[in-house]
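Below are two complexes that have chain A in common, paired first with chain B and then with chain C.
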Partner chain A sequence: MTEAAFRLRDIVQVFPGVRALDGANLTVHPGEVHGLVGENGAGKSTIIKVLAGVYQPAEGHIDVGGTAISPATPEKIHAAGVRFIHQELHLVPHFTVTESVFMGQELAGPMGLATTRMRRAAEAFMRDQLGSALPGNRLIRDLSPAERKLVQVARALIDGEARVVVFDEPTAPLASEEVLKIMKAIEQLKSRGIAILYVSHYLNEITELCDRVTVFRKGKDVAVFDEITADTGTELVSAMIGRELDAFFPATSRQAGEVALRLQGFSDGQTFEDVTLDIRRGEIFGIAGLIGSGREELVDALYGLRRRASGTLTLDGTVLDTQSAANAVANGMVLVPRDRRHDGLVLPMTVEENATLATLDESSSLGLIDRKRIREVTQKLIGDLDIRPANARAVTRYLSGGNQQKVVLARWLAKSAKIFIFDEPTVGVDVGAKSEIYQLIENLASEGAIILMSSSDPIELVGTCDRVAVMMRGEVRTIIEKDALNVDHLVAMTTGATDMPEVAHAG
Partner chain B sequence: MEHVSAKGNFNLRGIVVRFGFLIVFALFFAFFATWNPVFISGNNLLNIVEGSAILMIIALGMTLIVATGGIDLSVGIALDFGAAFAVVAMKTYDMGWGSAVCAGLIGGSLVGLFNAALVVGLRISPFLATLGTFFIGSSVQRIFTNGGGPISHRRMPDGFRNIAQGDVFGIPSEVILAAVLVVIYYLVLERSVWGRRVHAMGMQRSASIVAGIRVNRILIACFVFASITCAVGGLISAANIRMFTPLSGFSYLLDAIAAVFIGAALHPRGRPNVLGTVAGVLFLGMVTNGLNLMGLNFNTKDALSGIILVSALALAVAQRNMRNADGD
Partner chain C sequence: MQANARHQKHALATFVGLLPLIIFLALLLYVGLNAPNFLTFMNLKLVLAQSLPVVLAVIGLSAVVMAGGDDVVSGGIDLSIPATAVLCAGIVAVITTAGLSLVLAAGAALVACMLVGGINALLVTLLRMTPLLTTLAMFVAVVGINNVITSRRRLDLTSDAIASLRQDFAFGLPLGIIIVGILVLISYHLLHRTKWGLNLQAAGGSRDAAEISGIRVNTLVAQSYLLAAFMGFVTGFFILARGNGYSPGTEDNLMLEMVLANFLGAAFSPRRVVTMWGAVLGAVLVAAISIGLKTIGVNVFWTDLIKGALIVTVVALSAISERVR
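Coming up: the complex of A and B.
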């Protein structure tokens, strides 16, 4: 066994009223990608800050490359070659790639700034170390989110001193295809013997990318997986929530009814073609598909957010007008969008304002809002969905992902819609709230609502759906019935199994 | 985010965050009152209010547009058009004062419709669209008046003149008009379903669309409503001086924007809002009046009022930033 790249032992970190870390351990070896997972509040970000020297733990040992560092300060940690790729980018939009990479660490020559040398160095680094042919004179604002992330990585590593790199949720703002770029870059770093700690909510990324995984729960490392197998995903979830997966998804004895909602010949002329689906009342109907399969675009077109070239939607035989989102809502179809922070909530508004945004007419007289009534409605919704904090006047920007999603749900529950579209309903939601959201969806279906669930998470689809349509390259390839629905089969169908893209497990 | 919130830490910062602007308001008031006691005479206070009436009306329109997430640089054009249409209706077409008022309001609404067409139809950003409207509207006035000469109408019907020069129980009619509009705007923007949707749209358009709000309709209505409001300001101005002076509306633009942003900073969540705008307008009116009473020469006064305005805005923005940093 080689020397560990860094080792944190028996770390205890106490905040007023909370033991955020309670004897936590984390060891990462050179040349491995080590995953760190856990629910929100499990202590992931705390231990990263301990490693960074931001927090001084009450107890415990930190060593980097075999040398104990005590007390750990940000300067010492940096000098030891530990680099952090934070979730936020902190890049200037109007700077070029080169300027951004060398910001604060510019190279100087006899004539002032050595611009050409810096550009060559930045481009060479992007190419050789991160596998990206990004020109040094491109502006940050013209880059895709993944490319910006790579610039951020280059900035942290350009001095060539890095031994350990910590990625904190690097893919959170990215589309799935963009994620591949980041993963490729991480693979390259790993092949150079750099130790990588990869923190993410996305278990599929963890299982694809990581060699080993540490699971945190309640401030401790509760499990370390030394090998990643096909079952690791579900095992990780069990370890994170401390109960079995069966208990995680709601049990159901629900029977789906007649076919009620019909999509016929939906096309947008570019990304999906001739999608025809029959969905039953009281059914949770899943749509699976990678990015680029047309799944997200189909959802947008269904809800009037995207122009459709053709396609009709009928409910119980009558045509349903959802050409605009406003029409969709008026006709009883609602969407819980995938990008909650942009499309789901008006973030600067309060829980009350967001939760009642679609039902204001019902709590008003003569066009004026009945403030007492609306407060009552909100309090009831907060109670029903267990939104925390239970404060109608809390600004939604500061709520956790799970509670934000509950506010979006609350809005549509108040609307008593007939058709619910859930697009990635639990992305960025902690495991506890996930379970509650699944139960809510199940309840809606039991009450006879029609539910469409579009998701990139196969576990979620298998756990909640009655049937799942698999989209690929703009077409519905197959519909998997309940008795054939399992994660392996679904993933195989979604990824096209035979022509699966080669991503991880290279090393 | 909550870790460092001031607990038992009675600090200056907390007071500034909460009351910063009100303190400044009070300090100025006290300063002007001590400098010249005439400042706090009932007559003078009424002067301040009366002198602020047109700005108040323009600033209300501006508040609505800023609440949609945009800005309206053509408020002055709507004012000019309101005045021009009314004066021409009476002078050239010999209309009665009621019809002239309608003509003025219609004239103003044309400006709003044009803005709406640019912003909603052609998807030009409100800043550029209304800047374009401003230039086009200015040119139209110059062409129409052969280079910008005023159109005076001495024998204006009394009914029309009363818009500015009448009074009810001693309260000047322009103050009453402004007050009525304040009440209407308050109810519409802060209390009504429609106003809630305007705010939602202004803060996060994409989320408002997904929530089923018809954002384009709202935007069109806002531009038209705001420009009609500004046209009311034009009617008052025309009635006051019994003429239409081309390009006179422009002078209200910066003050109106300043008033709205001062008002937004007064709001606990930094939103543009009607009561805040009222406070902003009164602050600006007080400063102008106070500086006048100090008997400074014209140029010094202008420079001072500019400095005060910029400082007030800086304070307002700082106050909002501090508040945001505190996580409320």
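Coming up: the complex of A and C.
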């Protein structure tokens, strides 16, 4: 076997109270795409930071290209040709492609910046190395998310010194067609002999793209897969969680009731048009659609976060006022938002404060908050939802993604709402917590709640929903019934791979 | 349909971004129609000469805004520049009136001005204070000190060297206009054509992005405040030349026109962000409006109201344009 591009051996990283890495190994060879998977908290981010020289591990060896680096500092690692593509984009919206690619490493001549030279180099790099012909004077804010990601990649690699590139969740904010662009770029880098470490929650991407995969669990590498096929996905899942996941999605014998919630002729005049849907009581109704299909905007408009140009919403025949979020909540409709860190939670507040934010009126008298009552309510919710740590006074900022999502949910359970809208309920949530969240949603439906679930994850929609409406270019393209609901069909519909007689849109 | 909608949105954002410019040009046209000899060469020269202190101040301000970001509340801003300018004017006037040399006066003023800039830089970068509040407080404090130094009285100009800034020098243009023209070109090169300038803009555009790219954001921000203080120092001499001496209270109008010019300038830039050359054009436009309103006989107090209203309009429109996008 050839010399490893980098090798991390027996790494131990201790934080106060936690052994984040406990003798972890990770080896990546030149010219391979190596997947790194694991649940949240398995140590993926920690080992990346160890490799980056950000953390100094208590024990272990780091070598890059056969040379030991000790102690590893960010400068030495960079000099050894290791580059990191962070999850966040970190770009200036009003900068051009050229300026962004060369940020901090500008080329200058005696008369100031060598703008033409930089522009040619940036355009050539984007075109030849990443397969994306972008004009160098285009502004970042006019680019699609995938193009922005590629600009970020170009910035890390433009100096031509890169030998190892670490991608941390590069596709998280992208629609599936955009993911292809990133994957193509990665294939191209690989063909030049660059070693790639690909960290992602999306196992389908991992099985499609990676040559080998290392699975982390509890701060250790628990398995390395040398041969990856489409079927490796299930094996990866069981290695990640250490048990067979037979009940990943909840089993159900639930029967949906009568049509209760009716959307008629919803339009915002811009991103979606004439959306009409009938949703039953006790039903989990899915909405699928790529970014830009109008799916997110429809959800926002339903909840009063976005102005609607026309359309009525009725519950059991009477008009439901959700023109503002406050009205929606007052009328029993609640939203678990897609960006929970910004829209869903007050991060510096405790679990207790967040969970009871919407119900302060009910647990206070004469403007004074009844602390004891709040504590009881919160403790019950923590127990019901299995929020970890089970500490009402824990600050939500330090909870994992899955537990943060449960806190958002806890708030609305305290409110006893009738209609729940889940927008991307499991983005950034690990596999174990996902399964629990699906069960919670299923329980709500069984108790007769009306559930709308908007998601970009087809597997999630197929696994949990009774019916799924597919949106495309602002219209409901079709509604897939339970018996026809499978991943292939849903993806084909969502991406427009299958042609479809125009039926749904007449209604 | 979506591409179309995005296109419409883009067009709307562009229109809103250009609106401040349209309002200003309409106002100028109105003045031109009511005062026929407003748009002549002599008057244009007067407008330029009148605009010099604002042009200088706004070079400093635009550098600070570029380095700190153009968010009106949390971004970079230096309201203390006008105070630094009158501090320089005050110190120079007092020392030269006492019969001491201009070089000594300029040296003392430079030290005082850079001290103000240094304190601004420390407060904003080390203590992470909001630039808006920090420099507003600095403005008040420095004006206070200046009132102590000058006893808040009028001091006539005694230095011929400063007065010569007003004299015609070449091509029928006064020395002052030529000097400021050269300074504008140098600053343009520095802020828009060098690595330093581009890094400055990166720091203001996205602090995180700049830091990840290895740019020393704090150093750049600190340097921008020092540059602003230096421009304040230079402005001081032009205030003395324009007013034929030191008059208390000059700072208020300078502040108003500087802020207006800076944010108006964003409308000139195709990217709708604050740029140095946009701000300079804005400064000239603001001077033209001031003189124009005076020419058609608008009451001075009304002029202040109009300028204040224009600032609110310009900043509001830039916020709206940002939201539409």
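FYI, the second predicted complex is superposed on the first by the 287 of 507 C-alpha atoms of A that agree within 3 Å, B and C clash if a C-alpha of one lies under 4 Å from a C-alpha of the other, contacts with A are read in each partner's own complex, and residues count from 1 in each chain.
We adopt the following convention: contacts are C-beta pairs under 8 Å (C-beta built on N, C-alpha and C of every residue); 3 or more make two chains touch, one makes a residue touch a chain.
A quick note: this is a predicted structure, and the numbers were derived from the prediction, not measured.
Once the two complexes are laid over each other on the shared chain, residue contacts for A:A108 go to chain C alone; chain B is not touched. Contact with neither chain B nor chain C is seen for A:G160 once the two complexes are overlaid on the shared chain.
In the superposition on chain A, A:A326 makes contact with chain B only, while chain C stays out of contact range.
Legend: residue contacts after superposition of the two complexes on their common chain; A:G317 is shown touching neither chain B nor chain C.
Judged by the touch definition given at the top, the superposed model places A:L345 against chain B, while chain C stays out of reach. Of the two partner chains, chain B is the only one that A:L357 touches; chain C does not reach it. After overlaying the two complexes on the shared chain, residue contacts for A:Y398 are found with chain B alone; chain C is out of touch. In the superposed model, A:P71 lies in contact with neither chain B nor chain C.
Partner chain A is touched in their complex by these residues of chain B: 1, 3, 187, 191-194, 196-197, 199-200, 203-204, 206-214, 269-271, 327-328.
Residues 1-2, 5, 9, 189, 193-195, 198-199, 201-202, 205-206, 208-210, 212-215, 271-273, 325 of chain C are the ones touching chain A in the complex. By the touch rule above, chain A contacts chain B in their complex via residues 15, 303, 305, 324-326, 328-330, 334-335, 337, 342-349, 353, 357-358, 360-361, 364, 367-369, 395, 398, 411. Contact residues of chain A toward chain C in the complex are 86, 88-95, 99-100, 103-106, 108, 111-113, 139, 141, 155, 270-271, 273, 292, 294, 473-474.
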